[in-house]
Amino acid sequence: MDIREILEGVKSGALTVEEAEAALKTAPFADLGYAKVDTHRRIRQGAAEVVYGAGKTAEQISGIVKTLAESGAESVLVTRLDRDKASSVEGLKYNPESKTAVFGKVPEIRSVGEILIVTAGTSDIPVAEEAAATCAFYGCEPKRIYDAGVAGIHRLLVHKDEIAAAKVIIAVAGMEGALASVLGGMADCPVIAVPTSVGYGASFGGLTALLAMMNSCSAGVSVVNIDNGFGAGFLACRILRK
Amino acid sequence: MDIREILEGVKSGALTVEEAEAALKTAPFADLGYAKVDTHRRIRQGAAEVVYGAGKTAEQISGIVKTLAESGAESVLVTRLDRDKASSVEGLKYNPESKTAVFGKVPEIRSVGEILIVTAGTSDIPVAEEAAATCAFYGCEPKRIYDAGVAGIHRLLVHKDEIAAAKVIIAVAGMEGALASVLGGMADCPVIAVPTSVGYGASFGGLTALLAMMNSCSAGVSVVNIDNGFGAGFLACRILRK
Amino acid sequence: MDIREILEGVKSGALTVEEAEAALKTAPFADLGYAKVDTHRRIRQGAAEVVYGAGKTAEQISGIVKTLAESGAESVLVTRLDRDKASSVEGLKYNPESKTAVFGKVPEIRSVGEILIVTAGTSDIPVAEEAAATCAFYGCEPKRIYDAGVAGIHRLLVHKDEIAAAKVIIAVAGMEGALASVLGGMADCPVIAVPTSVGYGASFGGLTALLAMMNSCSAGVSVVNIDNGFGAGFLACRILRK
Amino acid sequence: MDIREILEGVKSGALTVEEAEAALKTAPFADLGYAKVDTHRRIRQGAAEVVYGAGKTAEQISGIVKTLAESGAESVLVTRLDRDKASSVEGLKYNPESKTAVFGKVPEIRSVGEILIVTAGTSDIPVAEEAAATCAFYGCEPKRIYDAGVAGIHRLLVHKDEIAAAKVIIAVAGMEGALASVLGGMADCPVIAVPTSVGYGASFGGLTALLAMMNSCSAGVSVVNIDNGFGAGFLACRILRK
Amino acid sequence: MDIREILEGVKSGALTVEEAEAALKTAPFADLGYAKVDTHRRIRQGAAEVVYGAGKTAEQISGIVKTLAESGAESVLVTRLDRDKASSVEGLKYNPESKTAVFGKVPEIRSVGEILIVTAGTSDIPVAEEAAATCAFYGCEPKRIYDAGVAGIHRLLVHKDEIAAAKVIIAVAGMEGALASVLGGMADCPVIAVPTSVGYGASFGGLTALLAMMNSCSAGVSVVNIDNGFGAGFLACRILRK
Amino acid sequence: MDIREILEGVKSGALTVEEAEAALKTAPFADLGYAKVDTHRRIRQGAAEVVYGAGKTAEQISGIVKTLAESGAESVLVTRLDRDKASSVEGLKYNPESKTAVFGKVPEIRSVGEILIVTAGTSDIPVAEEAAATCAFYGCEPKRIYDAGVAGIHRLLVHKDEIAAAKVIIAVAGMEGALASVLGGMADCPVIAVPTSVGYGASFGGLTALLAMMNSCSAGVSVVNIDNGFGAGFLACRILRK
Amino acid sequence: MDIREILEGVKSGALTVEEAEAALKTAPFADLGYAKVDTHRRIRQGAAEVVYGAGKTAEQISGIVKTLAESGAESVLVTRLDRDKASSVEGLKYNPESKTAVFGKVPEIRSVGEILIVTAGTSDIPVAEEAAATCAFYGCEPKRIYDAGVAGIHRLLVHKDEIAAAKVIIAVAGMEGALASVLGGMADCPVIAVPTSVGYGASFGGLTALLAMMNSCSAGVSVVNIDNGFGAGFLACRILRK
Amino acid sequence: MDIREILEGVKSGALTVEEAEAALKTAPFADLGYAKVDTHRRIRQGAAEVVYGAGKTAEQISGIVKTLAESGAESVLVTRLDRDKASSVEGLKYNPESKTAVFGKVPEIRSVGEILIVTAGTSDIPVAEEAAATCAFYGCEPKRIYDAGVAGIHRLLVHKDEIAAAKVIIAVAGMEGALASVLGGMADCPVIAVPTSVGYGASFGGLTALLAMMNSCSAGVSVVNIDNGFGAGFLACRILRK
């Protein structure tokens, strides 16, 4: 019931004032004590349900996914989930590369290759796979180009056509994060830059890549948090309105 | 001529090997000495031409916009331009609020209200206007909600429907930058967060807002550089494929 | 004996000059070698006794709480205490959620619900519970609203009345810490912001939340150290003069 | 009209559904274009009206204070206002020491000396005076102890009784900010620490004082932004429920 | 006289022990009071004389260059010299683009084009010119490619052959500094990266570029201080043993 | 009167209890309103009087020095004083190199050359002179070696004997601050390191020198604040017990 | 085939347009899925092959080195390799001091002693050995001077002649990194500074050394990333054109 | 042999020129390969020998202390030594509280109580004990006042006389480090401030204490590195010329 329905109900007498007041105040979520499970977010935000697994026990994850399923969610994505915890929650399909799992129905793929995920190095792949699993969860199977950093610019240039064809690009890089700027200059679609904590010394756990991406001389680039593959994948799908 | 055309020309004898080699190496830009004017970017990147005015003399700006115009650009946007410099360059239509100017034809508006620009305070308006002028340059007239920061959350909540209706939101805020998180939670479209240098003390020239936006607990939020209204407007239009 | 009593004693001859001089110099604490136990702080600061457990051995904790008890303290609170150490100190009532323990009499509750503790997420709960245990130790049973971060602003808005009714609010949040600003704008009582080390990447162990809270656009907000639940609870009770 | 009144109106037919819907959505503020003036905050937040003057033109300040006055505000405080701007706005009573002004009726003092403001040095006085003017605006005349930093601890100790008698203390200090810790240990009331940008070299514009105050070894201390005298004064009055 | 000559002198009786001791302790520099002018560095370090002009008065600069000339230096380079000061020192040949001047004989060019200086943007040119003037002072006329940043990677790729032909490359860039990494990957000679203070917001006066260059994923890149064109030019010539 | 004298007075009846209580609480300073002038510090701390001039008006400085003189101070040192302000205060002997002034009697020199002040460059001299003037004020005429940085290590090594003869060394350096480490390794007396704000780019206003000095691999080195010549001079004299 | 050969092939009919187009786009690397192995870099960059071992599994390392060997690489260097992983890859010659290994033929030494590696302390040796192993891999046997930090400057000065004789110096130091400045002042060849993470407290994992080296007052010094021995060795050989 | 002796030898013919040249270049240290043991530092720097144990193996420590002993050192101090390593080196007298050991003769105490070591809390004691053991090694038995932080200022004030009597004070504190400022104001001798890594959250491993101490409003305070008890003890003895 939205505001207008409630008001119509009051007018027609179908609702008492007290009932209407309560309805206006009732929030669409279930309270598990340790978490308020947001059972309407799917509708409100246009997103299927996602549970951030890090720092939650297997019991908590289990409780949350079941509550979501009972409230009508067909599929739930769990991220940042290590294999041990995953094996303790019943009904999860676990993907060790992306450290994600799906509970319930695996969403079907409705778009292939519109999202392009590029990594600078081999060590950036786990973050890229978290993004890829997120995209797939929202129905978009991404294309992947891995280990194509700017130290050997020709490794990137051979993919010129795929870069030109993409509708959204996710650029995943640690160290100096120059990949985002180069991709930003080659593409004519939005580039989502994901700094990673890959590197050592003055990479400061991804801060250098974050700052560099933030200062990209190429327009059309925006940045998400360090190692935030999920955020990049979610945003890419939102941009595609999937 | 693209690669294939060049190769066909060699095959047919229309081009000598030397001519073909030169053509393959010729870059599509004009060199003014102090700047390489990129006359093909419009096609390659799908963007009209933009000149970053800060740190350039009126003479340099004048030279660059003319070169662009001569190479076929119908409209050129100049950003970060103060009024004095603007008045020294012939043919500019200057907008003092956004500190931008258009040279040549003012692009026509092909989309109204799909982009929503929200600011936290009154002091964030100049950055928002730079974004708005950029959007307009690419044919998108944005909707504006100004001075709607989270210190009085009801000022934001009354705009619930406009927030829900937007296709892209640009959230402009200094200080603690909480606006981006709240908008990210209310909207189901991409939110581009622009930290501003508004604030004092521990706002550190926008760094606090930048870090806070980067850590937004709402998915669907990405961040551009401090005070980068142009970047946000450009990205918003790219997301809309305008 | 206060200064006047000592002086009266000298005047009357009840005290020699030497005795008076010594009395004026004697500090009201016991020296255990590794710690000066402050046996008069209860009177001087209006606070019951608290021992910070981190970095102290079970033996040291045991020695300190006994000294305090012998000097007249009815109850002693120990904070930052892990279960193992707690089980090695006789006479402690341990609370694993808040990692605190009470030695001696559990203080009685003299106020219920005047303090409201709100957390942004599930992972912020341990810090909130440290605050709650501290409040209870000083006789104030707080009200709790957990997992009500701004990413789903309606989860917070349904608690509008409780927020309006509070006499002091403790806002516990990591990541971007926006909860403090939103609560600051909704409440008309002091808001004590506790940044937590919850988050990853550019949250920098709570620094981002700390800086954001410090820059809150809402008046009436002040900030304590990262993860300092005890400090927030103590201050809340002081504000209530409990 | 609150929710219940609106609903009763619908039920009784006094309001149509459309009127009720509009009423539920109407926000209690006036929109001046460049600012949304919050005419109900006085009631909602228990605070009189305050305008942050920095970065606003004399015209904007004039427009805002008049709108507030017309909506029923008896007194408006303007902060961070330099003398030149102040002289361009009609009807302001300007205080050059605190750089604040009052528009309308000067609020009467209902409490004297419950708030104690202490500064470490002479250069911290302007920030302290901003706090003092804010306190006075909310009806609390503070007591002041200036230039009592810890480098000469006896300068502070002679005020032992005033410190013990205070209901709230505002500690204003730059450099290493140790004043807050020492006051926190001497007092049994809340201490609001205001780091100032006073200092040079490694004081980093107040960051060192901010971090030091945040790490105070004395419980009962919380911190506001660098140089934020207004915030400290406002919070002090809130704690006193003035 | 070197050590051996002194010792031979002692042996032969040409020098007394006292004279030898004094000679062994005599430093090869002249003391002007405010500066110790190092008249032997030309021989010891293989470098002609250079005076850092910033923060010195015209009188001091004049005194130093004359002392150097009198001690046998044919040419002296003065850097970071504004036009006003330059016009107050007799005998200087001033270059306004690089803000450098030569006193005495202009050194002849013995190498052309072995050093390649590349800038990312137009605003980086003054730093590049300081490097170029330094190179020329040591006899190396550099080749320049300006405004060839990675946002339009083709602008850089057309210079592939010049990059391949260089013996040392100086990469001058602000913002995210990605130019150094891309050049490092294209070249097979040493790349000296010079971060510049060009940029705004999160470029932090060149710190972001510095950190990014330091983390370059391309081997063969090393970094000098922000805006240190002189240092880069000096090092380039040293690498070429000029 | 010390505690014992007061108590004897009470015993003998020379003092009433009330008089004794007051005496015990009376602080030895004069309150000018804007400053508490500490008239006993000379005795308590063994130091003559010093006034930090920065941020004080000529009137305030004048008031403070007169109060000190009236309370018995023979000489007062004012630091960080520009020439304009100095000329507005009657009775000051101003030294433009150190930006210090003496009011009253110029203290006589009781020690010559025990303190050695070394600077790395010419630009560090003003800080060194502030230290030198402070030393002289406490009766110690320092020896100076200026512009002896480690870039030409022989410029330092020729002073080996003076370094070995010093009783305290003050090492003044900006940029990378290596001078302190080298002096620390050569000397067998305490080395007080003063980082200066001399440098550019990644020197960050002296922070790099400060951190480097703090990490000195030579034992016997300690550090004072950036540009704090006064602090270094004061400490040097304290070490010499002058 | 280079561009010209391809074009000649098209002209002569030896290549079809399609074959030529494909050839122009074919990149000279093998794709292993998890890594793009760059089989032509040896020619393009003048460098033998190097694999960064950290964060790669023994299987991945094995796969990469074999692919390189099959494509014609005679020798492959693996860096940052711990002994366990090394023992799981067949055919590696492991060096535990430098944590590097060579696969295939050990390159022969063509230059001895042109590169001089100096460390400040004993703990800097592993980084120095990584540099030394890299130099040796490219045919340059370096000279080593270890534990010669500036705290005992005479330990460095006795090596004056070796320092003067070097063609490139690698200065390896943690803590305050002063070694680079002192060497820079003594040598007339390029000095590559390698900050190390050796130190504690305010050394911040090498950041202090990095910043100090970046601010070196000696010209001719450039800096690579913290602990980046490989980068320094590689650059040294490039400078020598080995 | 010093310079003069060598020269006399040459003159008399007792030394050939070659022998003299070699002697002038011979450094007074033994080279163990992994360390240059400085066998003359005792004379040159007036200090007994100290070995920094962290990061050295038991074998290396054993080798170094023996070399020192053989070259005439009667006593060697080893710092930062854990119990396991200590038990593997023969002949060490180990002190677990300070984690230091003495090899050879335990130096006799020649001064008692001139150095006063004060800590803010219990957790700062290990750093204080490292300082104390260092003092004792150089013959100075310090006086200790532990757990006397400023949160309870009376705990410090009762020690007024001991503070006044000290010749050097070492102030050891983490968190906000205010102890140094308060001691600096109470004492008339040099205060060496040692920031410690004690604290959590915004204490940033001691950085906050370091910065605060650096900004101390009390003159006479200087700072050494975080947790550097050895440095403070060494400096204290140097100040006392022990």
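We call the chains A, B, C, D, E, F, G and H, going by the order they appear; numbering starts again at 1 in every chain.
The rule is simple: a contact is a pair of C-beta atoms (placed from the backbone, for glycine too) under 8 Å apart; a residue touches a chain by one contact, two chains touch by 3 or more.
Nothing here was measured: the structure is a model prediction, and the numbers come from that model.
Looking at subunit E and subunit G, the chains in contact with each of them are A, B, F, H. Among the remaining chains, those touching subunit C and also subunit F are D, H.
By number of C-beta pairs in contact, C-D leads over the other of C-D and B-E.
Of all chains, the one whose mean C-alpha position sits at the greatest distance from that of subunit H is B. The equivalent interface to E-G, defined as the listed pair sharing over half of its contact pairs by residue number with it, is C-D out of A-C, C-D or C-F. Our note on geometry: subunit B versus subunit F, Cα centroid distance of 54 Å, whole angstroms. A straight line joining the Cα centres of subunit B and subunit G is 41 Å long.
The multi-chain contact residues of subunit G, meaning those touching 2 or more other chains, are 152, 157, 185, 201-203, 207, 210, 214-215, 219, 225. Working note: touching chain pairs come out as A-B, A-C, A-D, A-E, A-G, B-C, B-D, B-E, B-G, C-D, C-F, C-H, D-F, D-H, E-F, E-G, E-H, F-G, F-H, G-H. By the touch criterion stated above, subunit F contacts subunit H in their complex at residues 44-47, 50, 185, 187-190, 192, 210, 214-215, 219-225, 230-231, 234-235, 238-239. For subunit G in complex with subunit A, the touching residues are 25-29, 33-36, 38, 41, 54-56, 60, 195, 197, 205-207, 210, 225-228. The residues of subunit H lying in touch with subunit D in their complex are 120-121, 149-153, 157, 175-178, 181-182, 184-186, 199, 201-204, 207-209, 211-219. Contact residues of subunit E toward subunit H in the complex are 3-4, 7-8, 10-11, 17, 20-21, 24.
In the complex of the two chains, the subunit B residues touching subunit D come out as 122-123, 125, 146-148, 152, 154-155, 157-158, 198, 200-203.
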